[in-house]
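Okay, so chain A shows up in both of these, paired with chain B first and chain C after.
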Partner chain A sequence: MNFEAVIGLEIHVEMKTKSKMFSAAPNSFSREPNTEIALLDMAYPGTMPIVNKQAVINAIRVANALHMTIDHELHFDRKNYFYSDLPKGFQITQQFRPIGRDGYLEVLGRDGKKKRIEIERIHMEEDTCKQLHFMDYTLLDYNRAGVPLVEIVSRPDIRNGTEAMHYVEAIRNIVLYSGTSDGKMEEGSLRCDVNISLRPYGSDAFGTKVEIKNINSLKNIEQALDYEIERQSASLLNGTPIQQETRRFDEASGKTVLMRVKTSAVDYKYFPEPNIVPIPLSDEFVNQAIATCPELYDAKKERYLAKGLNEADASIILSDIAMSRYFEKALPLVKNAKTLANFLIVEVNGYLNKNAIGIAEFPLDEASMAEISNLQDDGFTHKQCADIFNYCLANKVSPKEASSALQIEKQVVDEGAVLQAVNAVLDANPQSVADFKAGKDRAKGFLVGQVMKASHGKLNPAAVSKVMDEELKKR
Partner chain B sequence: MSILDLTISEIHQALVNKTTTPVELVKEALARAKANNDNAFEILIEEQAIKEAEALGEPEVDNPFWGIPFVLKDNFSTKGIETTASSNILNGYIPLFDATVYAKLKKKKAILIGKTTLDELAMGGTGTTGHKGTTFNPWDPKHERLVGGSSCGSAACVSAGIVPFAMGSDTGDSVRKPASYAGLVGFKPSWGRISRYGLFPFAPSLDHVAYFTRDVKDAALLLDVLAGRDLHDATSSLEPVERYEEDLSAPLKGKKIAVIDDIVQTISDQKIQLAFKRSCEELAKQGAIIEHIRFGEDLLQSIYATYIVISCSEATSNDANLDGIKFGPFYPGKTYQEVMFNARTKGFSELIKRRFVIGSFSLMSENQDILFRRAQKNRRKIVNRLNEILAKVDAIYVPAAPSVAPKIVSSSYKLSDEYLIADNHLALGNFGGLPSITLPLMLEDGLPVGVNLTGAAFEEKKLLSLAAGLERITGLANLSVLNKKEGNL
Partner chain C sequence: MKEITLDVLHDAATRLLFDMSDEEYQTLFEEFKILTKQMETIGRIQGLDELEPMTFPFDCGNSYLREDVAEEPLPREEALANAGSVQDNEIKLPKVVG
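Now for the complex of A and B:
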């Protein structure tokens, strides 16, 4: 590689508030188009913006998680341009005084080491209306007009696709776990625009910037950037200068494709929004917003690790916020967090995948799940507990009812009882013992099977196997 | 003299005594409106008004607005009633909601009988630029004179005796200047005192709800009803609402009044000068302390430019919603750009487009420092000077205009001090968001001229008390073309 990539990200996050950024219209997704609109969202003359308090609280929480300096006075500005998706002809944003500035995030780099990515600003603004373009007409859905957004702008500290992916992932986890957003890239509630330029190693100057818009998954961020670095490198090595342009990522080909060449930048004629006077935020308000922030991803992970989960288990459970909620509800009821985690990761996830449902629709409540998990820690085998789990789900009964229906009894692990049963079988099967001694390993399996059969499955197979090994040695 | 020619508080007495009824009043107001030929109305609301009047039961003794007919400037949103702001771009626009001031008056059972003309989108001071053409001054039956704007129709309605009060809006002087030309009380309370929700914005940082009455007491009573915090307007103030009519008969003794000499001196009309001087003498005679001060000529000369830059900048943004897509006449085009372009080309008059160009130019990133931001900074300087003065005195007192209502064809030299200062100083009250009231001073050859008092923010009660004292001096309370007076000065 001859060039260093300089990458900056702009992330728009749709906030999950009850109402819109400046109007009382409900803010929810997947409703009938044009049914969630207040007068302001359509820019009826004489309507005025009222700042959504919850949106401010959310923005403070995210700013704090990103280690930013929080402005204790809210200022809003107008960004003016004519476009079919912009009912007022301007967007209310925070150009001159964003609510947060100068933060950072530490993310894993490609070399597995932590790297600090500096964040320039976070500001609040309103979304535009949604456009559906057809051949000769466009449909407008004003449900999205005025939905609260936070925009998080990084400094150009990112150097490759992997860092970018981890950066976006970390931000998604923050907005998700702080309750700010559902952070769904594929549904557009977290949207990512990337600026990338190349320069020779050692240079301080910046190359020509290319923008890649609306990348809709974490994996695609990595792919799009790695592709774009290669494309620009090849082009520069060819002697073809990079042109300032906007591209998009084509998932099918794994390439970025040209959308439009950028001409001169639009002048948005920013000026302070005269209908919102500056709003002072008291220390108490800001501190309260931070103090009441739901526990974030990193804190949860640390707590899970302390409970005995390993890194992989914790990550799997935390990859679905609903799963982590389920886990945490069951957690105080279980003897061993790791056992519970194993059930969630294997049995529960298996069931969810098979039935194509989410944990929200999972029929077994947390208390029952905890009960099953505890049975294993009380000495029932995992297989027995899994049978109970499956029986509960198939027959909609409690774990107690399931275990009595299945006539499952605790297996005997008592060494004396096992030893007696093992020796009885060894005594009765000298030929098999001889076979084993002659090197036929299969004979051991037969002997263990005989013990289990004789004990009607009541002995613990692991204990039997262990004692069998010892006793065979003695013979 | 008809009961309709009395002030609101007097009409209220007549309603309580059952000397008249809301139906009688509304019918008479409508009859006068129809007979009037000053081109004051966008729309008359006949059926609804009579129905509302008929539905009223017993008079509400404690509610001076019960059954009182009134009009709204046509830039207040009225649910179900076409509202155009006298602009073709809003022809046929029927709002889905009521402006807060209309809702409040409705609740008080005042009766809306019509919506009045304005300079297109409230931009203008002549009353000649609305889509219905010129609104004439009722004091001049020959229709040669302006009533002033932008609240031209509302001013005409009150001075022609059609209604005892009318709602308007005031961004530079759009109520207080026409009040001078029409012989009325024109009152603009502090920015944030009355909710602007439902007022079509021109320049929100300067826009105020304001209104015309025929005496100071009515102005005070109206503020009792209209003032207050509104959850639909984040700029509406939490300052407690007072009983604004309480101190109206307080003596003027000891009140400090500043006369800004460098405004007064730019007026060439000697009759106005003389009457103003006499009024100062009378104020002093009653114990008021008159202080002659200078504001600073440079600052005064910069008012107009500062006003134009700020107001046009805000206007070009506010009116960007008028694009022919969501409301107003739709003009087809091949692309959305063409649709917007056609609507805005055909919907706005040249004058409006010129203002948008000025505003847009001022906001361009390469011009912001020398135009928009410079104007903002200058506004701050002016407001600092105002507050400095108002920290020492109870009010600023100056003539509201340099002349009686001008002739329609006349034009003034736009770079003269008389124009730049005497014709534009009322915008000071908008820059500072200060309560400011115009009331008649005298009549010159049968045409009224007003004076203006401006006080510190949210000191409406004190300002109204001073205005009432001045009204006693001029003797011109409840003036209208049907109720002509000589005055004392």
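Now for the complex of A and C:
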């Protein structure tokens, strides 16, 4: 029997605000434990939550990017549970009136076709404190307690690991480019929990749900789900029923591992948060939040494609938001966006990888990079421009100084000069001409090399090659 | 509804890390007696179950949102002052895994 996987995702995104969701404690991801706390975050009696405006703006922007209906009145609720990561004994969330409802995203499926994934809700809430578990004790760091979160809950429309991966990737791009979050899965600022069940094809009923928690990379989402589909299929075919349980993904083995069996659903006794009265949001406030949203990933990509980049180039540049910022600063200064993109993708990325640094530490500014890119479009070869690029970095000089120090001159493309040089070499090398005519293609390479050598590299190789083809035909 | 006795108040105070005098316990106990009586009175109103629960006493709203400005946090020493045990500037507990 063949099974269909039914997958839903819950994604928690830590928002990149200056202060916390309900307190004015800093939210700056300090590594020093327990240094970013307000009394409210530790649940001191008498402290009252006050909603962070920027967090609301961020949530509106993400909701809009996910094509959701935005609630123009904020309501918060209490989710009650007793656990050491939650100082108040409850989490303030939006159970009954999420800020956004009924959205969707279009993502690429395994067959390469676009598929619409419906999104049930997006709501704001606060993060819990960070727990570090050791053999026989636990340490608590309250810096994370109260950090603003948005939770995005999909409908169970996803059918395999690839769709899930692309869905999370699209959400990561939205939160990253809207300025809502740095979206780093490996550091926990974007966390993904997955619910998956199997059912026979054609059935409308849902099977028993298994939860996989805290998957920390896009690739792992795909692997974890594809493994889980295989595991559950094998189990069902064996006649072993699936039990309701929570699992985690073990990266080393590429398998999901049982954490705990769920015996009963937890009753969180939700009720409206009495310390925050309903907050009406004016149309003007909501519209302004949307209108001032930074340009999103998809819009940028479209613009890059219109500038002449291909799909792969645009994706590589956009895969690093700092790289895309660099690209955009240089863009108005260049003659050809594609040339600039090629430099960033090959030379700049090569330099960054070699030196294990990010583009923020890259020593060449955007104007210099644009100057080098323009040299190529003015007739210098890519090799010459790459030499200038490397000389600039090695000697901390401007492209002009580098090109003068390297005595690089623009190559000659004048057909008359090239024709004369080609014929001189052909006349001097009759054997190579004969070899070429006899089918030895390598002889042409030798002849072109001789022309370049005789001209001390001043002739344009592409022009030499073209004229060489024409002249060889005549002989 | 659970009966509020002095033992219940002592137990709650212990759980909430409160320290009160006997006189304060007695005051609280007397106040709870009044509250309980009021709740019983309200409970006698006919048709209560048919009403929607209310969070706020009247239809109210507040359009205030806090500007996203970070303020000086609590000094770490103060934040950790009430912790029973501290290690590496973190609060130390017996292992809890949920």
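Criterion: the second predicted complex is superposed on the first by the 455 of 475 C-alpha atoms of A that agree within 3 Å, B and C clash if a C-alpha of one lies under 4 Å from a C-alpha of the other, contacts with A are read in each partner's own complex, and residues count from 1 in each chain.
Throughout what follows, a residue touches a chain if its C-beta (ideal position, glycine included) is under 8 Å from a C-beta of that chain, and two chains touch if they have at least 3 such contacts.
None of these values were measured; they are calculated from a predicted model.
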>> Based on the shared chain A superposition, would you classify chain B and chain C as clashing or fitting together?
In response: clash
> Touching A:134 in the superposition: chain B (first), chain C (second), both, neither?
Replying inline: second
> Is the number of chain A residues in contact higher for chain B or for chain C?
Replying inline: C
> Counting only touches as set out at the top, which of chain B and chain C does A:395 meet: first, second, both, neither?
Replying inline: neither
> Who does A:51 touch here: chain B (first), chain C (second), both, or neither?
Replying inline: both
>> So in the superposed three-chain picture, is A:292 touching just chain B, just chain C, both, or none of them (first/second/both/neither)?
In response: neither
>> Touch test for A:87: chain B only (first), chain C only (second), both, or neither?
In response: first
>> According to the stated criteria, A:404 is in contact with first (chain B), second (chain C), both, or neither; which is it?
In response: neither
>> One more residue to check, A:69. First (chain B), second (chain C), both or neither?
In response: neither
> In the superposed arrangement, which partner chain does A:42 touch: chain B (first), chain C (second), both, or neither?
Replying inline: both
>> In the superposed model, only one of 22-30, 94-102, 256-264 or 346-354 in chain B has C-alpha atoms clashing with chain C. Which one?
In response: 346-354
> For chain A, which residues belong to both interfaces, chain B and chain C?
Replying inline: 39, 42, 50-51, 83-84, 138, 271, 274, 277
>> For a test of understanding, state which residues of chain A touch chain C in their complex under the given definition.
In response: 17-19, 24-28, 32-39, 42, 50-56, 73, 83-85, 131-142, 271-274, 277-282
>> Using the touch definition from the top, list the residues of chain C that touch chain A in their complex.
In response: 53, 55-56, 60-71, 73-74, 76, 79-80, 87-98
> Can you list the chain B residues touching chain A in their complex?
Replying inline: 76-77, 83, 85, 90, 93, 95-97, 99, 196-201, 203-205, 231-235, 313-314, 316-317, 319-323, 325-327, 336-337, 340, 360, 363-365, 368, 372
> Given the complex with chain B, which residues does chain A contribute to the contact?
Replying inline: 39, 42-51, 78, 80, 82-84, 87-90, 138, 267, 269, 271, 274-277
